[in-house]
Amino acid sequence: MEKRITIKIDRIVEETNDIKTFTFKHTLGAKPGQFIMLTDFEGGEKPFSISNCTKEEFSVTVKRIGEFTTRLFQKCEGDYVSIRGAYGSSFFVSKNKVLLVGGGYAVPTFYFFAKVLLEAGADVTLINGARTKIEHVFADRFIELDIKVLNVTDDGSFGEKGTAVDIAQKIISKDKFDFLYASGPELMMKALQNVIKDIDYEFLFERYMKCAIGICGNCTMDPIGLRLCVEGPVLPKKKVELLTEFGKYHRDASGKRHEF
Amino acid sequence: MQKSLKTEFLGRPITSPLVLSAGVMGMAFSGFNISIENGAGIVTSKSLTLEPRMGHKGPVVAEFEGGLLNCMGLCNPGIVDGLTEIDQFKKCSDIPIIASVFATNTIDFLKLTSHVNKSKADFLELNLSCPNVFDEFGIPLAASLEEVHNIVKAVKQISKFPVIAKLSPNVYDIVSIAKAAESAGADALCMINTVGPGMLIDTKMVKPVLFNKFGGLSGSCIKPIALKLIYQTYSAVNIPIIGMGGVTYGEDAIEMLMAGAAVIGVGTAVHYRGIEVFNKINEEIFEFMEENGYKDLNNIPRLEKL
Amino acid sequence: MQKSLKTEFLGRPITSPLVLSAGVMGMAFSGFNISIENGAGIVTSKSLTLEPRMGHKGPVVAEFEGGLLNCMGLCNPGIVDGLTEIDQFKKCSDIPIIASVFATNTIDFLKLTSHVNKSKADFLELNLSCPNVFDEFGIPLAASLEEVHNIVKAVKQISKFPVIAKLSPNVYDIVSIAKAAESAGADALCMINTVGPGMLIDTKMVKPVLFNKFGGLSGSCIKPIALKLIYQTYSAVNIPIIGMGGVTYGEDAIEMLMAGAAVIGVGTAVHYRGIEVFNKINEEIFEFMEENGYKDLNNIPRLEKL
Amino acid sequence: MEKRITIKIDRIVEETNDIKTFTFKHTLGAKPGQFIMLTDFEGGEKPFSISNCTKEEFSVTVKRIGEFTTRLFQKCEGDYVSIRGAYGSSFFVSKNKVLLVGGGYAVPTFYFFAKVLLEAGADVTLINGARTKIEHVFADRFIELDIKVLNVTDDGSFGEKGTAVDIAQKIISKDKFDFLYASGPELMMKALQNVIKDIDYEFLFERYMKCAIGICGNCTMDPIGLRLCVEGPVLPKKKVELLTEFGKYHRDASGKRHEF
């Protein structure tokens, strides 16, 4: 287990009504795709992908969903929280022409990843999807980077109208990509899988995590027993194709299965 | 592995003496799959309860020098869903699986046993290490001779499968408890469960690290305690013992055998050395046997009994 | 050190909250000298018995991941020679010293107390962690409410010095024991003594590593157990606690304080970090206070009581 | 604590009627003056100085005295024993003209040390003392080395007649030495101290040891509390001069003082 560190929130940026980015002055040394476990010791410790990571600081971008994230949203700059990590697998860093397909609060981790891809010399296209304009994140952040960005909303209120998958299908049919990465709702990734049969890819998954160190088994994915906190959260095509639960069900805190 | 560590447990042939311990890798059939693929000879399910349990809020684990604290809180999907996972595992594998169940009284243990009887499990393990308070002195279930005897006896009367009693190390006299289980008909013992419990404090926020405040100790540092209790118990009973507590390397497994364990449980080491830990330890046991001229597992000597 | 970690213990001013734990560095006056030279604020003698004891045959120590096993066997030159060493220490130093004594019954504890009364010691510590069996359940002395109450009460009636009761962690309900000591008049508690005991096995020679087979666990890995027991006890009693068990770094000492300890014992860390460990931990405590804006030791907050 | 290792006795050489050298094939990496703790798990674990140490093997040279050493003398080549170490301080390695003064079973550690001194370019003279011829050890071993050896026995049955201290006094008065080392009975070293006031020196001490890792306090030397197993067994002049117990008393297994 990476040593726990208790640290002040350095900066908080409100991205949307219910998405905030929390930045910490700490050398995390994470790789893109990895996550941290974050707690305030008030009940709950939750996984969040790293949305930015430099030598001096790192960030997570969080959507307010339930009890824990609501309490997190009440914290101020200077408040302490406690983190451990970074944990898990990271994205393969391609040097070629790649397509990133992201949806919702899972897009910001591509900000960190895009920077690493650019350093490696990759040619990066990003589809940044959300349901509607006010839920769309990081558009301004991605503009700073030397990548091609396609913003898209289900209702067309920002960027193109449609789903990220629609757009992905469209541009894949026109242009050749060497590698595809997806991070977003599982059903989005499932739909995407059907339209990109011949491209190599990696998907970032989410499952209910408790220990994050590969011991409690809460995050194993059927049928091969991949522990998403250790062998994931980024899984390569080879492994994704074996998953029988992908897009079908996931397990809650008790281990009970729930259909998507 | 073409090398063989074949042995048997309660009359069942097994390909490795290593047992995936209860609660480690959870209760999903796929968790059992990956463990046997990596060399486990027996797997144990998460302890199942009558109703689903979400477990404690996080943090549920905390690491310290030589060990791990956990307060998972017996999270499990309940006996019905849990047995479904066991059955699904058994569809594709003939590796023995132990169904671990947990309750706080005889009636519930009997209900759980009836459920397990209908499953494809191979063994039934009673997690008697209930931390619940049975009297004002905070004595755990597994510390009451009468409770242990009564529960095991009742369960034995109806269980279709051999019954294993899992004991807590946090008792004064584990030998008497073990004997109570044996005389009640237990087919085997499993020991030890986590030690303590213990606590860690975050000094910046002045808060216990675990939300549940306290959690049981597992991992390398509990090995000496496990070895001592297993050795004492081995000296006094005639049923086989699944020995566990801190086993991380082949050497640790050999120590367990020498202390009197029949087979060896591996838990926290899955964190230390990855899920490949079973194959790694198998390999190390084999090397030890080669170096020291032991032809097979049964040749490995035990300590003289106390 | 020009930096100051001054505080007080039972009304006595001390220059550091760190206590040399009983049995570590033995009973020679020169062992106390070197400890205070290296920054200890209080020293404790080896537990002294009425008659000299040679202790167990070796090996008497064995190391494992995160901790140490020991079975010294209470070797000491007896109360008379032991107190001579204490007096010799006090000739040149006004650092408080705790005379630790050990017996298995009230009468012997009273005899030891009479001896200590005639010495230059500052405090009397009763090592109640007797591993001897007081009934068929193997309950140690420190686990019997009545024994603890009776011994402390009897000793208090004749002791010239404040009385500290040293408790064993290997009991079900340390809080009741602590309360029994408090209600009998104990001025302070010292906790915890070693955990377990445990055992290690030499796999080549198929022998327990310790000649005594079993030995108590100390060192880093027992810290979570110590913190939990100290916190529970602190929540329930009103007398100060000497908190010990695995304290190795300044952070550990701070955790002890937050769990409710008044001062902090250091034992096995003398092995891990050398005899300079007291100064090192003093320094680290000071740094922690600076970083977190605590002006003096008394400002360091405690966990909310249970 | 150095990891315990359980190992077969490779060779046993009978040096005298009651002194044997046990050699082990193991890379100990010890320095001259250091010791190991040795046990057979049958009761007792005892300190022994290292009398030889190469890349492949090391030796201890043991005198049969009591229960433990008597049992050790019954072991055969191929039998297992268990050791831990090397522990303790080691001799300062001088490059100049040095005198080694040894007595009895404490001489062999100078064999290991002399080899190291020679490698460093020192000019080595050894006084190898014993009570009588049949107790005199390692004379043949030292001949192989490029050092000056003065054998001496109390009764003159081998080498010169007299004590090692007599001889030392004699040659110190004739010749100038830069450094002196002693290893032998404490009263020999005490007597030696009185005759070598102006030479810098190191003495190898023995005290009752139990833990050998500096925690039990059994080996502390008054009044400064040196733990002989950690800060010793080799002590420099500066520290020796502070010792109030030197040549006066030592402590037994209970910590009780015994006069020499």
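The letters A, B, C and D name the chains in turn, as written, and every chain counts its residues from 1.
Note that a contact is a pair of C-beta atoms (placed from the backbone, for glycine too) under 8 Å apart; a residue touches a chain by one contact, two chains touch by 3 or more.
Values in this document were obtained by computation on a predicted structure and should not be read as measured data.
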Intercentroid distance (Cα basis), subunit C paired with subunit B, Å: 34
For subunit C paired with subunit D, centre-to-centre distance based on mean C-alpha positions, whole Å: 36
Length of the line joining the C-alpha centres of subunit A and subunit D, rounded to whole Å: 66
Sites on subunit B at which at least two other chains make contact: 203-204, 207-208
Subunit A, residues touching no fewer than two other chains: none
Chain-level touch network, classified as line, ring, star, complete or other: line
Touch relationships between chains, expressed as pairs: A-B, B-C, C-D
Contact set on subunit C toward subunit D in their complex: 23-35, 37, 46, 52-55, 57-63, 68, 70, 72, 75-78, 81-82, 202-205, 207-209, 211, 267-268, 270-271, 274-275
Contacting residues of subunit D [partner subunit C, same complex]: 1, 4, 6, 37, 39-46, 80, 82, 210-218, 220-227, 230, 251-257
Complex contact set, residues of subunit B against subunit C: 64-67, 69, 137-139, 143, 170, 172-173, 176, 195-201, 203-204, 206-208, 213-215, 217, 220-221, 223-228, 231, 246, 248, 251, 254-255, 258-259, 288, 292, 301-303
